[in-house]
Structures are given as C-alpha cells and as structure tokens.
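In what comes next, subunit A is part of two complexes: it sits with subunit B in the first one and with subunit C in the second one.
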Partner chain A sequence: MAQKQFREVIREALREEMERDETVFVMGEEVAEYNGAYKATQGLLDQFGDKRVLDTPISELGFAGLGVGAAMNGLRPIVEFMTFNFALVGVDQILNNAAKIRQMSGGQIKIPIVFRGPNGSAGQLGATHSTAFEAFYAHFPGLITIHPSDPYDAKGLLKAAIRDDNPVIFLESEQMYGMKQEVPDEEYLLPIGEAKVKREGADVTIVADGKLFHVAKQATEQLVKDGVDVELIDPRTIKPFDIKTVIKSVKKTNRCVVVNESHPFGGVAAEVGFQIQRDAFDYLDAPVLRVTTPDVPAPFSKKLFDLWLPGPKQVIDAVNTVTYRN
Partner chain B sequence: MSNTDKTSIKSKTASIIRATDLPKPTRKTHKGLNISEDQLLELYKSMYLQRRFEERSMQMYQKGKFGGFLHLYIGQEAVSTGSDFALNEDDDFITAYRDHGHGLVKGITPNEAMAELFGKKDGCSKGKGGSMHYFKTEKHFWGGHAIVGAHLPLAAGIAFANKYKENDRVTICFFGDGAIDQGSLNESFNLAQLWKLPVIYVVENNGYSMGTAVQRHSAGNLADRAVPYGMKYDVVNGMDLFSVIDKVSEAAEQVRRTKEPYFLEVVTYRYRGHSMSDPANYRTKEELDEYKKIDPIERLKTYILDRDIATEKDLDAINEEVEETVLEAVEFADKSDFPDDEDLFRDVYADDDFPYLT
Partner chain C sequence: MATVIDMPKLSDTMEEGTIAKWNIKEGDKVEAGDIVAEVETDKATMDLEAFDGGTVLKILVEEGDAVPLGEKLVILGEEGEDISDLVGDDDSGDDDSGKDETAGKDGKKESRDESSDEEKKDKGDKESDDDESKKSDRKADRKDEAVKAKESSGKEFDPLFGDLKEGKKSGNGKQEDADGRVKASPLARKMAEEKGIDVSRVKGSGPQGRVVKADVENFKEEEAKTAKVDSAEEKKAPAKPTITGTKLEEDKEIKVSQMRKAIGKRLSESKFTSPHFYETVDIDMKKAIEVRTALNEISDVKISFNDLVVKACAIALRQHPWVNSSWMGDVIRMHGDVNIAVAVAVDEGLLTPVIRHADQKGLRDISIMTKDFAERARDKKLQPEDWEGSTFTVSNLGMYGIEEFTAIINPPNAAILAIGAIRDVPVVEDGQVVPGKRMKVTMSSDHRVVDGAKAAEFLNTVRTLLQNPASMLL
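Now for the complex of A and B:
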C-alpha cells in the first residue's frame, strides 16, 4: 500500500476504467492540455489522446448535454465540472435529460454518465462558488449522488460509478484533493449505497459526509477525550442513502447528530432526521440535531465565512446537547 | 427571407413568411430525385397517415380519451416524410414535442403511437412519456423532447458517439423556430462545428413560437444562426416534399463525407394552434388559407395525378387503407391496458431493486 492523494486516486480510477473500457472518455474545461484545473486528469491526454480526453469550451449546458446524448448512444462519458457551482447553467441537461429520459422512454435508454468535480465551499470564494449540492441532486429521482470523504472510498466508488448504468453525480472537494491516505495498489471497487461505520461507539451517533466528515472527525477526537464514546458514520453515498446502518446505530446509541454542508431547509440532515424519527422513534433519548451551513449564502469576509461554515465546535455543542452534557 | 422587416408587423397579421414568399420549390421530378413510382405512393401514404392519425387523435382528445398536452404537426408532414426518405434507416432522429410525425416515419407503429397518447402500457414509451415523449430507439428514434431547445446538445452527443464509434450514421435534429432563441442552440452549434460532428440541425420554421410570430421573437434571419460558426446552411421550402428530399439528401451527403454539421431552415406552417387549447387568434384566416392552398399532401396528389402515376381511385384506396389503420390504432389503444401499479417504480433506474425512498 502506498500513501496517495485524493487527486491521484481520482486519476487512477479514470485511467484504470479508460484502459478497461474503450467507451469511457473524459471531457470538461481544462481537463486535457492544462491537465485539469486541480490536476485530477493529469497525464490522461498523453496516454489516451484527444479522441478520449477532450477540452471543452466554457459551455456547461452544451457539454453536459452532449455527454448525455453520447451516453444514450452507447458511450460512457465522464464529465468534469471545474466546480459543481458552474454546472448550474447546464443543470437542465442533468435534471431533465440525464435523470428522466430513461423513465420517459419506458426504460429503452440507459444513460451511464458520471458528472464529477468539486462541490461545496472552498474558503473565501463568495456566494456563487460555495454551494454544496448533495441535497439538491439527491432530490431528483433518476440520479445517484456520491459524496466520499477520503481517497480510499473515492477511488472504489468512482470506479463503481463509471461502471454503473445510471447517471451519477460524484462530488469531490477542492480542499480534499491534497489529502493523503493508504490506498491499495491492486484494483478494488466499493458498493454504491453503503455507509461505513468509521468509528464504533456506544454513546452517540454522528452522521457526516464529504468534507464535513473531517470536521465531525475532529469533534469526535475531542469528544472521545472528554469521555463520549462516539459512533461515526460516513454515508459515502447520499442517494441511495443507507439509512439501515444509521438506524442500527441509533438503536444502540439512542442519540444522533447529522452533519452536512448543504443548507438546512430540505437538506440531507433534514431527510436523515425525518427517517430516524420515523424508524427509531422509541429508541431516541433526545431530539436528533443537525449541524449544517446556515440558511444564508456563503459570505466572503473571513470572519463571517468562519461563522458560516460549521466547525468542530458546533458538532461538539450538538453532541453535548443530545447527551444532555450542556 | 428577411424576418427583420418590422414595418410589416401589424397587430393581428404579423406577417411571417407568407405562403407566396416561400423559397422556390425544386424543379426536380421524382425521377430526378431517384424516387420510384411505388415509393412515391408510399410517401403519399406516409404523409396521409400522419395527418389522419393526428386528426383522429384530436377527436379522441376532445372525447376525453386522454389528457395532457397535444401538439399537432398537421401541415408540416413534408418535413418529417422527406427527411426520413432522404436518410438511411439507421440514421438517428431526435425532435421536440411536436413529435408524432417524426415518430411515425421512423417506425413507431400507429398502434404504439396511439396507445402512448392514451397512456397505455403498449405505447411506444410504455405510457410513461405521452404525446411529447415518443421514443423508439431500436428504430433510431431518440424522442420526443419537451423543454424547448434542450435536445439540441443531445443531438450533438448522439452524433459524437457515432463519430467516436466510427460508424457512418448521421443524426438529424428537428426543432421549432422558438428554439432558435435558446442558448442551447448556440452552445450546440459551437460544439458541433468545433468538434466536426455529423449532425444536421433543422429548424422547422412554422412562423410561430407558440403564439409569438417569428419577427417578434427572433432578431435577424434564422438560417444566419449558422454563419458565426462557419456552419454550412440552406433554406428550404417545407411545404414541398421534393424540396425537402432534395435538400436533406444534399446535406446528408455532405455531412457523411465531411463529418461536419449542417443547418437547414425549413419554412413550413402548422394548420392547428400551438396545442389543443390554442384558438390561434394571433393569425388571420387568410394567412392559414394561403398555406392550405399549397398543402404538401394535396401538392403531391396533384403531381401523382397529373403524371398518371396513379388514378384518383388508387389514391382513394390508399386513403381508405390509412383510415382503417388509424381506426384500428384507436381501437387498439382503447383496449390496451393501463400500466400496472408496480410500473410506477420501474424504468427510473437501471436496477430492478433500487431502494426508493418511501
């Protein structure tokens, strides 16, 4: 096993799947000659040529839709958005075409496409560059939404996503591309739709995905020092959501805090909280709490931004509340 | 062909391209276009089928046999029919929501087409698409798309895949003049020309984007949208079957040879309103009548009779056969079952056991 960066394993997953399947190709802004805005596609042009690694114009509607059409007609496109914030100008192609054409055609058409790229905030970039889209994409039937938090999960899930016959939204983070982890050299895939208990504990369940998983992890480290035995769950896939793993955990711990970067209204935490109260109502010793970005767009000023993005302190506070330690 | 002459716009008679000002039809005969006499009769039958199918659909809609939207193609049949004739069977068709004609020429059977309108399980999209979302991919018919302009990049992608797989298929993408104003047209044209994709984009300019006359919704000439991209283009008389066959054949030959896209503005006219709820008060009866005088089906009929290719009696027999086919389709649709309750959760994901949120 070797230590590998998040961006390296994305690249490895792309390369391995392109070597394996001629119909897989990559397109997006700056993915080829520039080697990727975040170097996730570095070296792919050299290896596979410009038939399979294509620089697009800044034309998200155009190339997102072109990808969907290519997928309808037998290819397996991987469309990189420089960030999912830019996908909004082309989102009709994802929500109406990629997600719905299979159903509208009575199942005649499969659309095996992966839309991937960074999601959510990445420091002081202002409101338009800082939206977390997990809940947004998960809202729409027909799409799968994956949001890994570390290189090992990212590689196995991206490979599974590329082989999946459904359209997949694969959310990464600018701030995680440099993150390192031991990753096996041999090939592996991970199942879509399975959460992972990343720390077992008995006192409280924390559910956290993507970049904010690490915020929850920092909080967990502090809480464990303080004597709270946290069970930490990373759902890894937002849709389909592995609620069974969460419910099983809550039935053991009787308390839960959901941490997610989307806004609160109709967010992932809202859905998970609803399902917990429905399926484990009698097991709860406290209301489920959530830690999310507030119901306002991301501000620029560092002071306000730091207030906006949840940190370990908010998670610790929430855990202290549900364990009645406050 | 100018749409920019604002002085001609009057409150109720916003003069779109008048029937009398259409591009000149081709002077080529059926022989000049390599159409046999048998094929000529088949073309007549196909156009008549599309028309009678829709006239019956309208009746069924009014009788309350089905709901939803119903956008009729009546008047524009030469465009679907001529394009299909000019192209190969395995060439790919994609169109907007006024899709019955294109679906029928590509091989959706009248039974499947009518059952889809009725929302029945034997419909071409299993009753899940409806009037605006016909699909039959085994016949290379890719839909039926109801967000104006949203299928233009799909056409580029279908063409991209054909080029990638190095087959010889051409994609043809139809849309109305309303789609001309969408950003998707510009993004698709740019990508298609930049990446040299084998696609023919066809605007069926029927004069109205719903109820807004073309001069009131679009600056400049429609065909000129190709110019900034260096895309080849032409303007076609869409009320004349032979002109459509001629120009689409020429475009297809070029696209197949050069692997570059082509844009056709086909000037045509829809006789009915935008949809069933539209009384079309935005146009005059005179304007409609002028177009009806150059009706594509009547025009072909006259051509056939004038040249003694068939007799009036022969054509009547074809009409009767079509009439029967359509009535059978109505009966088929009526008797066909609605989808099962379990079908609600089918066909959304590739997996049969997808864990839906409940």
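Now for the complex of A and C:
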C-alpha cells in the first residue's frame, strides 16, 4: 500500500468511477483547465476531455441546476464547489430540486448527483468562508451527507456516493487535502451510513467527525495517558447517522462527548445527544456534553479564532466533566 | 496527638464487624498491644488490638453495634486533649437516621419527586450548554430556577464553560437538594434499584452531590448504616395481622448475625451468578467399609468415611485440574495446590475450614485436622487462615441419613461435592441379588469453568478410588 494524500484519493475515486461508467462527469469552477482549486481534479481533463470535465462560470445556482437536470436525465454528475460556503448561492437547486424531486415525482426520477468540496473553517478566512455545513444539509430529508476524516474513508465513501442514486453532499476540508495515509491500490467501497469505532475504550465515548475528529484524537491521546480509556467513534456519514454504534458504545461507557464543527443550536451534536438520551437514558452516568463552535460566526482575529474553534483542551475538559474527574 | 482506632478488616470477606465486648472504658490507659475489644466478624469473634498507647478519650460505638470497615471506634490521646475535630467530621450517626426516617416514611412521594426531577433536569439541560455569548442574558431568565441550586452549592454547574471545580461540590454528606430532590444519574438510579439500594442513602460525589455510578458501586462500606436503620424500622413496623383469630405462639424476629449475612450474601452471589449443574454417582462402598474397619483397628485416631472421601477427592483433583480451578472473569485460575474445604455445621450456620495440601496428607492427618476444625468452629475459635484459600469443597450430610442432595458452590471454587448416607441396598452381583452398600455423591459444578464431561471424568475417578481404596496408596 502506498501513502496517499487526501486530494489524491479524491482524484483516484473520480477517475476510477469515470473509467467505470461513462455517465459520470465532473464540473465546477476551475476543475478542468486549472486542474481544480485544490488539485483534486488534476489530470482529469487530459484523460477524459472537455465533455466530461467541465469548467463552469462563477454561478453556483446555475451549475448546480445544470447538474440536477443532468442527473434527472440519467447522467451521474459530480459537482465541485470551490467551498461549500459558495454553495449557499446554489442552495435552492440542492434543497428544493435535488433533495425533493425523487419524492415529488413519486419515485419516477432519480437524482444520482454528488456535490463535493471543502467545508468548514480553514484558518483566518473570515466569517463568510468558515461555515461548517454538516448539520445544515443533514437537516433536510432527501440528502445523504458524508463527512470523512481521512483519505481511506474518503475514497471508499466517495465511490459509494457516486454510485448511489440519491443526491449526496460530500464534505471535505481545505486543511485535510495534504493529509497522508496508507490507502490500498485495489478498488474498494465503503458502506454509507456506517460509523467506525477508531479506538475502543471503556470509560467514555467521544463521537467526532471530519476535521474535528483529529482534535478529538489528540485529546484522546492525552486522556489515555491520564488513564481515561476513551472509545473514539467516527460517524463518517452524518446522515443517515449510525446511531446504533454510538448507543452500543454509550451503553458500555455510560458517558459521551460529541465533537462537531457545526454551531450548537440544532447541530449534529444536539441531534446525537438527543438520540442518546432517548435510547440509552438508563445507561447514562452523566449528561451528554458537546464540543462545537460557539453560536457565533467565525471571527477573523487570530486570537478570537483560536478561541472560537474547539481544540483538544475543550474536549479534554468535557471528558473530565462527564467522567467526574474534575 | 490523638489517634483513632477504626474497624479493621479481620477476614477477607468482612465488610462490617460487631463490637461483641469492650474491654476498655473512657478514661482508661491503654498500651500498644492491649486487647481493647472483641469483634464479631462474619466468621469468628476476634480480638481487636491497640497499636498505639494513650488514654481512651472517647468510645464512639456501643457494644452490639455493627460497624463498617474503616469506621472510627475509639479515640486515644493525651488526657484533656481537644478531639472535637475528630469527633466532628464523623458524619454518620444521628444525621443519617433522621434523614432516613423522612425517606422511609413516604416511598410514593419519592417516586413522584423523581419524575419531576427528570423534567426539570431536561429543562435545565436545554438552557445550560448553549454558547457563552448569551449567558449573561440568560442568567437573568433562569435566575428563579437556579436560585435554589445556587444557595445549596454556591455556584451553578455549567457543563462546558463553567468553573468546573467550583461547580462540583460533593455537598458534605447531603444527598438531597434544598427542595428535597435526590440528584442521581439515570445509570446510578437504575443500578441502585437493581441492587435494592435506596438511592437517597448514597452519598453523591458528582456536581451538587449527584449520585453517580461509582458512588453506587462503592456503596458497600455504607451498607452497615443502612442495615442498622433497616432493622430499626423493622422494629417499628406494626405487627402483621394473623391469618386466623388464634395465634398459638408469637412470631419472633431474630436479628441477622454477621455469619448469616455472609452466608446469605456469598451463597446468593454464587447461586445467582455461577451457572450450576449437577451430576450424581452411586458408589459401591463395600470395600471402603472393610478398609475403614481395618484401619481403625490400628489407627490411634478414628478415620471417618468423610476422611476417605476427602482423600479420594484430593487425589482426583490432582488428576483433573479443571475441577480444581476458579472463574476469575478474564481468566480461569487453575490452582497449583489442592486445598479442600470441609463444611462444618455450627449453631448459627456453617463454616468451611480448609485442609491445605490435602493431596499430600495421609488419612490420619486429614482426620486429626477435620476434628480440630470442627471443634474450633463450634467454639468460634477459627482464624481467617483456617478458612481462606480453598480450591474445592466437600459437604457431608450422610450422618443425617440424607440419601442425596445438591450443594451451592462455595466461591471461588468451581465445584462442591455433596455426600449422602451409605445405604443398605439390594444389588445384583453375578446374576444374584445380594445385600450391598451404596453411597450417592452429587457434584455441583460452575459451568463457566467445568463442563459436563469434565465433571463426569472427575466423579468417575472419585468412584474408582473409593471402590478400590487400595488404589489411593498409589
């Protein structure tokens, strides 16, 4: 197995699926001639030509709608947003058309489309370029929302997303494109909607997705040193959410901290916390706590930004609270 | 400098001890090594020794009181020394019984409170873990609701952003909030219910005195207090109505002794946690009877059938190490030694002194030891080392004419052998019905350790040995 970057495996997944199925095509801003803003689509134009790798104007509503129309007519478009912050302009197409047409047509029309691109904050980019959208897209029925934390999961899940007949929101991170991991050269797919227990433990369950999974992982390393046996779960898919794996874990550990980059109100952590108290009430030894960005837009100032984005310390504090170690 | 004598652990299974007798009174001078009291444990009455000298400043418990491990018994020091700090932080006693009365008085009220507790908690949660920014506004809104909590703990507990150290207050022994609600995690509540513990009696170590998992798990030490109050309540309970008009003799209620408590607890635990199964074999005892008669003609101590069975078991255990094992949760411990406990009936219950290295001992030694144990058991003179470390147990009711019975495994053993009486029975030998001597033994085995076939192999060895006693010489 070779060490591969996150951006490389995204490219591999796209290439493999485009080679396998000629209805698969890629479009977005700068995806073709410029090889992608983050080089995820590098070389695809050369290999597949300009009919299957399309540069679009700076018009998210327009090309998102183009994608939805193509999907309705039997193609399998992959729409890249330079960031999901820009996708807000195209959200009518995503939420009103992509998410709803299958139901509104009584199941006659499938929408096999993937919207992918970086999500969430990436340092000092200011309030409008730093939003984490997991909870936002997961809120709407009809969409699958995937938020992988490493290259291996990303590749297997992106391939599964491309083959799925439902619209999929595939969330990446600017800060993770350079992340390397051993990824097999052989083809593999991963099931959508399955969480992964990435460390088994007995004292507390931490649920963390995407970029913040790595914050939780750092916290876990420290906590394990301090004698707290942490079970670390990466949901990988936000919706459908694999609550079973989390409940099973909480029944064992009796304590849970949910880490997620979305804002707290109505966020992913709120939903997971709710489901835990509903399904594992008698197993809880402490209230479920969450570590999220606060109910404030991202600040630009470095000092404020560092306070705003959760780090390992907040996760450790929350774990210490639920395990009564404070 | 005053020193405290507290209740020591005088046996491995002891959780509390009863002061059978004080040898001292307040004002006495005590030297290191003096026996200050006799303590009745679950197994025996033992001497309580002073390790320091001094004047007895205060005796904190009365004769007959059951005291949990580690609880203060006596304060020694210089005459006239101020010991108020040592007496003061003892939070058991009056304080507790008062509270328990209110809790006990109205069981229904408590469950009603519980539900409102949950509702309120939900409400609190919703508001408590939002962002920091609106905290100040919200504080005003929730002031009413929080006032009580604030009064009792000094500071509101805010799970994420609050000052966790200050928020957490174990509330010096106060299990209830100012409004009388018991704070407990759902898990702690459920565990307490399953264990039959009144959660209001558990001291909470969580924020604002919340009772959490660890508190219920560690509740054991406190059991004594509960037990004391329980029995007090029992006395107060009105007499039960009689079924018919006339009652021939009044019902009596006898306080459960330490030994009965230990028997109750350990055997329930054994029967309810280890999956028992039973196998019985009928053993031809003709030759064993002949051998015993012959031995007793020359032996200075009388060899009993029980001694023969113990010897046979000891040899068989060596050959079948699975039976000589213990279930330890993660591992099965195969014991290197063969230590056979022999159940001895005493007035209050039973004891199980251990014949150590039984496989290395001759019948004479086994007999002498067993007799000595039986005698000392009846006189309550057995010491912990006499009953600790068994790997297998034999229980014999043959002398009562019991044909066969099943015994409960004596933890941490994996099996126990129940021995019945030797019966005169007609048996068929060479096609002829002739008088025979038979004895049934039934082994209870812990299926987690021993399987049916393994138990059967062991029993066959025991049978072969007893049917051909000479083979025990090998």
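Simple rule for what comes next: the second predicted complex is superposed on the first by the 326 of 326 C-alpha atoms of A that agree within 3 Å, B and C clash if a C-alpha of one lies under 4 Å from a C-alpha of the other, contacts with A are read in each partner's own complex, and residues count from 1 in each chain.
Basically, a residue touches a chain if its C-beta (ideal position, glycine included) is under 8 Å from a C-beta of that chain, and two chains touch if they have at least 3 such contacts.
What you are looking at is a predicted structure, and each value in this text was computed from that prediction instead of being measured.
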| item | value |
| --- | --- |
| Simultaneous placement of subunit C and subunit B on subunit A, clash or fit | fit |
| First, second, both or neither for A:165, with subunit B first and subunit C second | first |
| Touching partner for A:92 - first (subunit B), second (subunit C), both, neither | first |
| Superposition-derived comparison: subunit B or subunit C, residues of subunit A touched | B |
| Angle at subunit A between subunit B and subunit C, C-alpha centres, nearest 10 degrees | 130 |
| Which superposed partner A:110 touches (first subunit B, second subunit C, both, neither) | first |
| Contacts of A:326 with subunit B and subunit C, given as first, second, both or neither | second |
| Subunit B versus subunit C - smallest C-alpha distance in the overlay, whole Å | 20 |
| Doubly contacted subunit A residues - partners subunit C and subunit B | none |
| Of all residues in subunit A, those that touch subunit C in their complex | 254, 264-265, 281-287, 289-291, 294-296, 314, 317-318, 320-321, 324, 326 |
| Subunit A partner contacts - residues on subunit B that touch it in the complex | 92, 123-129, 133, 135-138, 142-145, 147, 150-162, 164-165, 183-184, 187-188, 190-191, 194-195, 346-351, 354-357 |
| Partner subunit A, residues of subunit C touching it in the complex | 125, 129-134, 159-160, 164-165, 168, 185-190, 205-206, 212-214 |
| Interfacial residue positions of subunit A with respect to subunit B in the complex | 23, 25, 51, 54, 56-57, 59, 61-75, 77, 92-93, 96-97, 101-110, 112, 141-142, 144, 164-166, 193, 240-241, 271 |
